[in-house]
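Taking it in order: structure first as structure tokens, then the write-up.
Note that the chains are named A, B and C in the order they appear, and that numbering of residues resets to 1 at the start of each chain.
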Amino acid sequence: MRLEPKPAPSLAATLAYPVAAIAATLVVASLLVLAAGASPFSVFYLVAKGAAGSQFALLETLTRATPLIFTGLAVAVAFRARLWNIGAEAQLYIGAVVTVVLGTGALPLPSGLLIPIIIVAAMAAGALLLAGPAVLKTRFGVDEVVTTLLLNFIVLLFVSMLLEGPLKDPMGLGWPQSSKVIAEAQLPRIIQGKRLHYGFVLALVAAFAMWVVMKKTVLGYEMRAVGHNPEAARFAGIPVNRVLMKTALLSGGLAALAGFSEVAGLKGNLTLDLSPGFGYSGIVVAMLAMLNPLGVVASAIFVAGIFVGADAMSRAAGVPSYIADVMVATALLSMVTAILFSRYRVRWR
Amino acid sequence: MEQALEILFTASFWVAAIRIASPLIFATMGELICERAGVLNLGIEGIMTVGAFAGWFTVYSGGDLWTGVAIAALAGAMFGLLHATLTVPLGLSQHVVGIGITLLATSLTYFTYRLALPEVTSPPKIEPFQPLPIPGLSQIPVVGEALFAQTPLTYLAFATVAVVAWVLYRTPLGLAMRAAGENPSAVEAQGISVTGIRMGAVMAGSALMAVGGAFLTMSAFNSFFFEMINGRGWICIALVVFGSWRPGKALLGAILFAAFDAYQIRLQQLSGGVVPYQVFLMMPYVLSILALVLVARRATYPKALMIPYQKGER
Amino acid sequence: MSYTSPTAEPPVLRLSGITKRFGALTANDAISFELNKGEVVALLGENGAGKTTLMNILFGHYVADEGSIEAFGQTLPPGDPKAALAAGIGMVHQHFTLADNMTVLENIALGTESLWRPRLDRASARTRIAKLAADFGLAVNPDARVGALSVGERQRVEILKALYRDARVLILDEPTAVLTPAETEALFRTLKMLVANGLSIIFISHKLGEVMAVSDRVLVLRSGRLAGERATARTTRQELAALMVGQEVKQPAVAPVTRGEALFVMNDVSTSARGAGAALDQVSLTLFAGEIVGLAGVSGNGQAALAGLIAGAERPVSGEMLIAGRAVANWSTRAALDHGIARIPEDRHAVGTIGDMSVTENVISERYRSARFSRHGFLDWKAARNFAEGLIRDYDVKCPSPEARIRLLSGGNMQKLILGRALDPDPAIVLANQPARGLDVGAVAYVHGKLLEARARGAAVLLISEDLDEIMALSDRILVISKGRLSAPSARGERTIGEIGELMAGHLERAA
């Protein structure tokens, strides 16, 4: 068999493939549900209801989507320039660490000053963390996939060290957790009494900003050129290594915002289970969005909905909530396959 | 300080080092086969998880130990088949597919585990492989104890290296695999299917990775728990690079790495808590990155690594 | 079959009505011919005439849409290289199909034994290779790593690979493209020996001289069709050339232009060795306004280094470069562009364009940071689109829209856009690296016309080409590069093709 490029597909065809990918995901999930002895339809109904069936559910989904938008953007931006940042998880934790370091009373400033300072510092820390692998890639030719993956483990151990050492909450009854951030460092809730916080708004702003960067700016153009064909980009005079560095800084900064927003907006303090793999899920979010920053918002909400819905469903139907992770991984694989078939046609001879 | 040096001469240290190395050897050989044929397999972490679970679960459900190993290998090969289908004939990004396979394999394993054991709080243990001292050889001080008083799976790991090396360098199949990773058109021009070779290599490699995972549950920890692979797969990818894609060098790298790991555990006990234990736990990962930086400059990658191949294309 | 050799034996190969389409393009259109034992048939045609496609079908890499192939009286199953190999068809590809990390012996033995044999039989392979090498004058060390061999040696390995499999038919696809004239001579001697031993050979080429020298019979392909068949002894170069292009070959009209000032000067410039090609070794070169300088040479002799240097991708390690009389510092791609150097790269697909980006995005790639296309870090897409539309119009580019992915364009249209991108700002210096390679006749003429226009406008043009005819036709001065060194220049018509061939083979001192 061979693959032949297709001319630009129609809008209907473009939309048909993601739908097919989702259908494939549902088929796989159905098999698992059947294996668990439940009925797929009632399970899917429960997932949907748990994700969007009430105001509470919907807000919970948006709350869960917030860090995913940030990590999804981080991955989308990096992958666009073909910088394989698989380390959003580590960058997220570094952002959270900075938030806790600056936000627990070290800087006695009003909210209006403190929060922007923390945001900038957290982004800088995340950016620097990814700058390391980026330098190793551009200067030494070390594959960034492996280095960013390994950094996830290193950073998590580093955080664990901090939480048992300098950042340990003296009132924490011995648990490895940090003190709560002061009120001035907290992001306010959007609706009084609900969990959804202004981190979500910040995420929307970030997504729009990234859309502008990718579509309208010189940097976005350079990133796409480098991602599609570094050799041709270099020939045209685009400074490939510098673009990769800028991409790394941007991507690392975005992922760090996820950590900031989770601490300052939701949890209030840093623990070792701050992120249940938001960094890895960000890869799925970005791929489902075909690396489009605005698409990331939609796909983050979709992925968050699956997780939130599966949690609720699991309690009600007794199907393990890990089905959400399976669905998300399946969606990733079927989506990349679907994108391929939207661009290429298979000839069997 | 003296104590720190003395560790190196104790048999128990080397026994531990070889035991720690064993799963890495399997998985590194698995990754090496894939990459030699031109496919980067980032599914390794998830495939090891699958192997760890499949082997353990087979025994837990009453199967025999070797059946467990076989089931683990089979499960690994199935995920290898999925990976290969997406990356070889379809030519999808090996990065994205690999991560996807890891996420899928890991989550499927956890799902199955929860489904099969909904109630348990502490992971149930199985009767693992027992050490099988080889008469005579295991009596040699230090070296003999370290190498010849291990479990059968460790012997299998070393045998795997020998087989992989033999196949790669001494057999017609190995020629085809090496050529597929260097210049696939050379393989096709000689009437051999590149797709077949690559898919076969990924499946066989994935089976080995899964056996590496199974080692952890069947010859080390005796039970399955979440996140038990803990980055070992990624470390194996670094070991392949460190070993310049050669089985012998990769084996050496794995043992060196494991020795360091065993050493840090003992140093940790010696240090008496002055240095946070996390610093020691970080060492393997830091070391892997250092190893990559060290060899990256002069590494000679298989030239067609990560480049999909279409028939008739040159 | 009036021109077949007078043997009574049946043909070793019979192709009947082979048709192959790629989308709208018909690469092969009902092609039929026969190959007899012990003859050399040349398959002559321009780039893109369908020669390579036809041979890929014959060898089973592609499947024909229509038609069939018989080898030694047996129909070949389509799309099965294994069957072609088993039938005794051997192919020496234009781009060698060798694994650099393996030895000569391993490359030759690859795929000749069952994959499941527990051990490769090196000893008997070694004996057979030694015998074949001795019989046909193909000396090569079986234990050498292929990556360390010269191009000529690699070609010998390719031929040995076919012979090792008892090939009775040998297909050589553009075998001389990478060889020096001396290596070409050696190859021809080998081919004569093979034919004398009863093999049949298909020799694919677009070079008339070689076809005349080596073949018994010539098949001419044009736009996917068999345009004619001639016995070599009874035809002329002129006739073949006319068949090849379908009309009288028109040499481009080169109007006399007075040479102007020196725009680009290199004094004793050397580069560091990188990749496969030779580095520059104390090269001095001057490009004057209003002239085309042709650089001839066998591929891999430093053309890539010179092109990279002028394009800004490489820096000199010693020597100096002057542009418009001033020495350049901090040489880079950006600097080259800022100094008004237009670059037409050798590889349109891999280097010249970004396939998955649009025509608009591609045409601004060298100047997106100029005030014309961006302000304060934001791109002016309207200006970019206008520019793309202008180029599409002015350069007569056939494309659905400026937003189309450039990958979907034909090679000729792609090249026109690259020309437009490079020539639009009226550059003082033009670097054209293999600008016409792989294009159809019309596009070649167009490219040549544009280069001549630039010259008439007063630009200094450096034309790098492996096609001597192209060099001879366009250049005011001709230089030959060999092993990273330049020959003394010769004016238009001063040296014959033979003399230039001498220089290409590296006899610089003797000839200079």
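Quick note on the criterion: a contact is a pair of C-beta atoms (placed from the backbone, for glycine too) under 8 Å apart; a residue touches a chain by one contact, two chains touch by 3 or more.
These numbers were taken from a predicted model, which means no experiment stands behind them.
Colleague: Give the chain pair, either B-C or A-B, that is connected by more C-beta contacts.
Modeller: A-B is joined by more C-beta pairs in contact.
Colleague: If we define chain centres by averaging CA atoms, which chain lands farthest from chain B? Would you check?
Modeller: Result for max centroid distance from chain B is chain C.
Colleague: Suppose each chain is reduced to the average of its Cα coordinates; what separation in Å results between chain A and chain C?
Modeller: Here chain A and chain C have centroids separated by 47 Å.
Colleague: Go ahead and note the Å separation of the Cα centroids belonging to chain A and chain B.
Modeller: About 28 Å separates the centre of chain A from that of chain B.
Colleague: On a C-alpha centroid basis, what's the spacing between chain B and chain C, in Å?
Modeller: Roughly 45 Å, centre to centre.
Colleague: Quick check on chain A: which residues sit in contact with 2+ other chains?
Modeller: Chain A, residues with two or more chain partners: not present.
Colleague: Could you pull out the residues of chain C that touch at least 2 other chains?
Modeller: Within chain C, no residue contacts more than one other chain.
Colleague: Residue numbers in chain B touching 2 or more other chains?
Modeller: Expected reply: 311-312.
Colleague: Could you list, by residue number, the parts of chain A that touch chain B in their complex?
Modeller: For chain A paired with chain B, touching residues are 1-3, 32, 35-36, 79, 84, 86, 136, 140-143, 145-147, 149-154, 157-158, 160-161, 164-165, 280, 283-284, 287, 318, 320, 322-323, 325-326, 328-330, 332-333, 336-337, 340.
Colleague: In their complex, what parts of chain C are in touch with chain A?
Modeller: 22-23, 63, 78-79, 311-313, 332-334, 336-337, 343, 345, 350-357, 361, 365-366, 368-369, 374, 377-379, 381, 400, 404-405, 407-408
Colleague: Across the complex, what residues on chain C touch chain B?
Modeller: 56, 61-62, 81-82, 84-86, 91, 93-95, 97-102, 106-107, 109-120, 161
Colleague: So in the complex, which bits of chain B are touching chain A?
Modeller: 42, 82, 86, 89-93, 95-97, 99-101, 103-104, 106-108, 110-111, 114-115, 118, 230-231, 234-235, 237-238, 241, 276, 278-279, 281-282, 285-286, 288-289, 292-293, 296-297, 299, 310-312
Colleague: Which of the residues in chain A come into contact with chain C in the complex?
Modeller: Checking each residue of chain A against chain C gives 4-5, 7-8, 216-219, 221, 224-225, 228-229, 231-239, 349.
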